[in-house]
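Both of the next two complexes hold chain A, though its partner changes from chain B to chain C.
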Partner chain A sequence: MKKDKASNKTLQTAGRTRRSFLQTALAGGAVATTAYLGLTRDLFAKEGGPIVIGHHCELTGGFSSWGYWHDKCAKKAVEVINEGGGIAGRKVELATEDTESNPATGARKLRALIQRRKASFVVGSVHSGIMLASIPVATELKTPYFSAGEATEATGSKGTRYSFRTGTDTYALAAAGAPWAYENLGKNWTMIFPDYAWGHSHHQEHRKIIEQMGGKVNDPIAVPLGTKDLVPYLAKIPEETEVLFSVFFGALSVAFYTQSKSMKLDEKMKMYSVSGTIEAIDPRAIDGAAEGVFFLENFPRPLEYKDDEYHRKFVEMMEIDPVHAKEEGSSRVMAKSHAWQSWENFFALKQAIEKSGWNTDKDTPMVIEALEGLEMENSLAHPQGSKLLRAEDHSGMIDCYISQVVDSKFEMKKHIPRADMMAMLPPRYDFTKQPL
Partner chain B sequence: MTVQTINRAGTLLLVVFTLTAPWVLPLFVDSFWVDIYSEILIWSLLAASVNLLFGYVGLLSFGQALYFGMGMYGVAIGIAKLGFGFWGGFGFGVVLATAMAAVAGVLAVRLTWHYFAIITVVFSLIFYFLALSWKPLTGGDDGLPFGMPPLISIGDFELTLTDPDVQYFFIVLMVGACYALMGRIISSPLGRAFVTVRENDLRASLIGLNVYMIRLSAFIVSGFIAGVAGALFALFGRYASANFMFYHVSGEAVVWAIIGGVGTLFGPIVGTSLLIVLREELSHVWAHYPILVGIVVILTVIFAPKGIGGIWTSLVHRFAGANAGKGGDQ
Partner chain C sequence: MELTIALALNGIVWGLIIALIALGLSIIFGLLDIINIAHGDFFMVGTVLAWFVAETTGNYWLAFLIVPIIGFALGALIEYTVIQPIKNAAALSIVATFGLAIILQESVRATFGATPERMLPPIHDTIPMFGIEYEVYRLFAAAASIAAIGLFFLFLHRSKLGTWMRAVRFDPETATAMGIPARRIYLMTFAIGFAMASLGGVVAAPITTVYFEAGVDILPFCFMAVIIGGLGNLGGTVAAAVLLAFFEGVITSFTDPTFARIGSLCLMSLVLMIRPHGIFAGATR
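Up next is the complex of A and B:
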């Protein structure tokens, strides 16, 4: 009996040992397989599956009033693409990360989009600091990145083979609007802007063109950051000024229009600016402070100035009214001159991916080559209008519009075809020479 | 088991994990987390610089971001504008941050408590606005990106941080060296002088310690540590920005240090790890995740004022005490 017990115990011990061995072997095998899958995932997982496109977007923070629209555009664009069969027959998966309107967070979130969420392409930020922080990361991770902000460096001195922009930068905005403003508004210019990069960049680019055309540009007025009362700076504007060019953002923009109106500057000189200073702002909401101001727009706010089926459908999909671009059931006004990029860039990618035959990330160089010099036709995919993604500097060549606020509504004064802008906009960089 | 043995085992575990992370982490989570761990190590140095001042000398600085930013700009300007190359840029960043700490420290350490906190914020703000407006040098609010020069280049052989493994181990090496330096200082007579000043500066001066010089030394060392962190982060992100000089960044470092446990060498790594992992996990599911982070901070300050480091210390002491008790019975 004792012997039986002993032999049973031996058997049990031996059994436990065998089981333990099997369990260990199985666990080891599972870990090894997981490790192997982890190592090879990047090589095979994307083939045939959904195409992940990242959206690097300002959902919170200082740019969130714009970010809301970029997000809405991206979501709707992906919806439309998937309803139409996806890209090259593959479903598009949208991965959105909030940059919090902060370059540090933005750079981190870009890594998250590419490395964690496996985005093969990224439709990028409208915040200049974020997009400039992102381009080196995107380049290193060999992922095409579409900037939507205006800092010229993104497709200029800091641009790379992987950075693209379908919209305009400060260089293009000056080329598109300054000649018309010089001819029609006046030849003596003063520029006022907040004392940071965006304002200085606009000043430099506009100054070049105005002086080239024979005009006079007075000393710039750079307003220190954090200023609330603009009156001391507005008082510095020389009497002989014919055109006051201003570049402010958000609340400071409203303060500028309100305070300059109360000083009756608009009666002494013409006021000119770019759409970024009035984006997401309804002129009716600021009691006529923007009345009479001329703006250079990328996409006319009222439907009537580009009245075609594509623009109509786009307005309908964005759920905005056709005059003030105000969202139905909310007080939000569409940041229309910038947010269209977060719609159209998905379609530009679709066109380039299908043209190049992209299948996995190793084919990305072919997409880059397809994007270089890509012609996009006026369509629902490109409701802003026909455009060219110029090969050399990866910059969008688009039509622009000069509008004036009249009775709190945008009234188009001049349609500037892209050919006119391109005549003033020779490429300063050639990224096609960079290796892929 | 003694307290020292347990702490040594904990340190060894941390070191082994850190040295094997590029291979071990991808077995369990996405390889993206290796980058996050690199980031944790860098940011923990900034928190450690707060810890050195607050935890060991009793000076609460809300201006460490200034030295972090100086380290960043030193690297970016050194590489992009002055063509210094990798080591020149890195050295320039660290020297710039340390020199800035020496200049600011001469004035700041004359003050204590809220006056000290205010002056550190003021310094930070002055240089933040200067960096924002000095566009030709700093890139203004757009920041200053740069291309990565090689770490070592001999003939055809080149080592560069664009190789993820090289980048990771370079960060580990630099961060490890900084922690070793801090450990050495803390256990040295100077470190004891720090603690003496923290506990009672009047008594410290009565026994002949030069309180001003001790505080200044701590301030400069902490500026150096923050500068190394900034220089590493610039190399990690290939970018420098004035945003990193804002006092909000200093505030985050204070929170990381407090959560981890001030006055402990590795507390800042623990606090930084916890809050960065929380941020990573929450931020892509809920945009307003800082609310939850805020709740964690409030709960920690109320229920564990010595932070996670304090909890660890009391657990280790209890465990070691229990073991000693058992040993006594036998």
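Up next is the complex of A and C:
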């Protein structure tokens, strides 16, 4: 009792009672909590200060061979933007978080980017699982999020007013490449892919087009993730198959090409795939396993197939050789068909922010409106080429390229202009109708 | 029917490679009571070292000799620095080996890189086998695995060191009282476990992919073999690995591959329910 009195006295001598102390502490706690939850973000947003742009990137884990390039592109883009005076005269501050190539970690790191590191916009993940786990978080926190993965749901059934993608999705890739492959490679198709969203999405979109064109699509072969021995799956490919369409990434890609080659499948059928399957892989390093395979690319690997000053400068800035896209002084090969998005998305944001007159986070709806239907010109800011960020489904309409690996080098077989692709690609969703 | 036979045979071949890797896991658990989460990464280190030796010397066969020796040395070092300090707190082994797995993966990623590499098999030929072109190297890999497993059992039952290992495994206190250097046996057992996993890596590298996360996916299959075979039961582990891969191969020929994997997991659950000490529990420990 005596002790209580003494402690009360101590508080009172400081000009406070126990009750007022508790009230102050509770109020402080409440303010800290709401600040943490991001409810007072506008209150703390500094007008005229740096603009924080988050980068949600796979620095470690299964996608790290791609993540390295996304990180490099983002850093260089911010460097170029700041050297040119920033965005609307404000410096850009890059905040990077490693998703660890894991959807659960990715969603948590996105919250950290937006709530703790105060990112106003986020250039997002190339991992479809992470991107799909992140869009609800970005939407809840009302922050524009640029996906770079290919699962169509990000700008489809699971897309929102806050999700954008300047690159292609499975819907666009099927529209761009499947008609050419059907006409030139064969009419009886078998599809083999990893048993998760990205693979199934490719299968559904390609199947639709091949069947519409009168072709036959055999039963799909979905390979469980983490499979080491592909022989049981490759052995199930029907004899009558003319085109084997495969969708894999990283280690599973190498295993697929190695094992299908050793089973001589490439002698019996044409092999067709998308760039993700050979991304960050040098055909020379896998000893001819990818020889003869056709790939649909977003950005041709050799400079010569889009030989202009912007592409040349981009290649120089990325410190890669102009033929194999291999980094100088290392064995890394640029994940070129995807990583350009982590460069261009910063410039797309710059264009939209400056066009909209964005000042603080409360102005974000104006940036979203500016992004919807944004035309981007072929330039150093957009070295992949001119493109449109379609208003309805927030999807990038871009040129694509069909290449074949010949003597371990990519040889372009067909350039598909974006107009041709768009003719096959009516918007299936209209996000502009969603409230902001 | 042809497809079923081909996939069943391929299952046996793959199962033998897994058996070689899982055997290392089983001896580490059997003797040291260590649940080694890093065992898959011991395999991964083996694949990377094999690739490195083949790339630098141009001779794959040299990897057969060098890599298990490096694996043995690394295993001894890890036992001394990581396992020995937690010897009296077995529960900590999961945390310690999990940390070790991350260190091994990230060390390989930082040095070797994150890009998967292909290693060419030293034997390029294929033979037609029940409707598919089958790699001759796979048959060699199966034969090499049988030889390595056979040699290990010979060592365990016919050598003085092997007898000491079995003695320490059976009753460490009595073995120590009889003058067997138990401490050194623990170290050697862990090192042998690492060497066997890395030898598995050498054998499997030309079939799979050389990659810093290659061990992550192989670990569950090894654990399934160890559990179904009976924890610490070495012969049971080998038999279970082969049976599981055979079972998955046969099921895959009839149905979706994912169902085959689900089937394996159901089989494991069934074994755990009916025979919690594993199918071959008779000679456990």
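Going forward, the second predicted complex is superposed on the first by the 392 of 436 C-alpha atoms of A that agree within 3 Å, B and C clash if a C-alpha of one lies under 4 Å from a C-alpha of the other, contacts with A are read in each partner's own complex, and residues count from 1 in each chain.
In this section, contacts are C-beta pairs under 8 Å (C-beta built on N, C-alpha and C of every residue); 3 or more make two chains touch, one makes a residue touch a chain.
In this text, all values refer to a predicted model and were calculated from it rather than measured experimentally.
> So, on chain A, is it clash or fit between chain B and chain C?
Here chain B and chain C can both sit on chain A without a clash.
> Let me test your reading of the model: by the given contact rule, A:Glu369 touches which partner, first (chain B), second (chain C), both or neither?
neither
> For A:Glu319, decide between first (touching chain B), second (touching chain C), both and neither.
Neither: A:Glu319 stays clear of chain B and chain C.
> Between chain B and chain C, whom does A:Arg332 touch in the aligned arrangement: first, second, both, or neither?
Second partner only.
> Examine A:Glu291 and indicate which partner it touches, taking first as chain B and second as chain C; both and neither are also allowed.
neither
> Could you tell me if A:Glu392 is touching chain B, chain C, both of them or neither one (first, second, both, neither)?
In the superposed model, A:Glu392 contacts neither chain B nor chain C.
> Tell me which partner A:Glu354 touches in the superposition: chain B (first), chain C (second), both or neither.
neither
> So in the superposed three-chain picture, is A:Lys236 touching just chain B, just chain C, both, or none of them (first/second/both/neither)?
second
> For A:Glu411 in the superposed arrangement: first (chain B), second (chain C), both or neither?
Neither partner.
> For A:Glu97 in the superposed arrangement: first (chain B), second (chain C), both or neither?
first
> Would you give the minimum C-alpha distance from chain B to chain C, in Å, for the three-chain superposition?
Least C-alpha distance: 5 Å.
> So which bits of chain A does chain B touch that chain C touches too?
Of chain A, residues 60, 195, 222, 224-226 contact chain B in one complex and chain C in the other.
> Which of the residues in chain A come into contact with chain C in the complex?
60-62, 64-65, 68, 195, 221-229, 231-236, 250-255, 257-259, 262-264, 280-282, 285-287, 289, 330-333
> Okay, in this complex, where on chain A does chain B touch?
Spelled out, the residues of chain A in touch with chain B are 31, 34-35, 38-39, 59-60, 97-98, 102-104, 107-109, 111-112, 115-116, 128-129, 132-133, 135-137, 140, 151, 153, 158, 195-198, 200, 222, 224-226.
> Chain A touches which residues of chain C in the complex?
Checking each residue of chain C against chain A gives 3, 6-7, 10-11, 14, 106, 109, 113-118, 120-121, 126, 131-135, 138, 204, 207-209, 211, 213-214, 216-218, 248-249, 252-253, 256-258, 260-261.
> Quick one: in the complex, what on chain B touches chain A?
Per the stated touch rule, the residues are 26-27, 30-32, 35, 39, 129, 132-133, 135, 139-143, 145-148, 162, 237-239, 241, 243-244, 249, 280, 283-284, 287-288.
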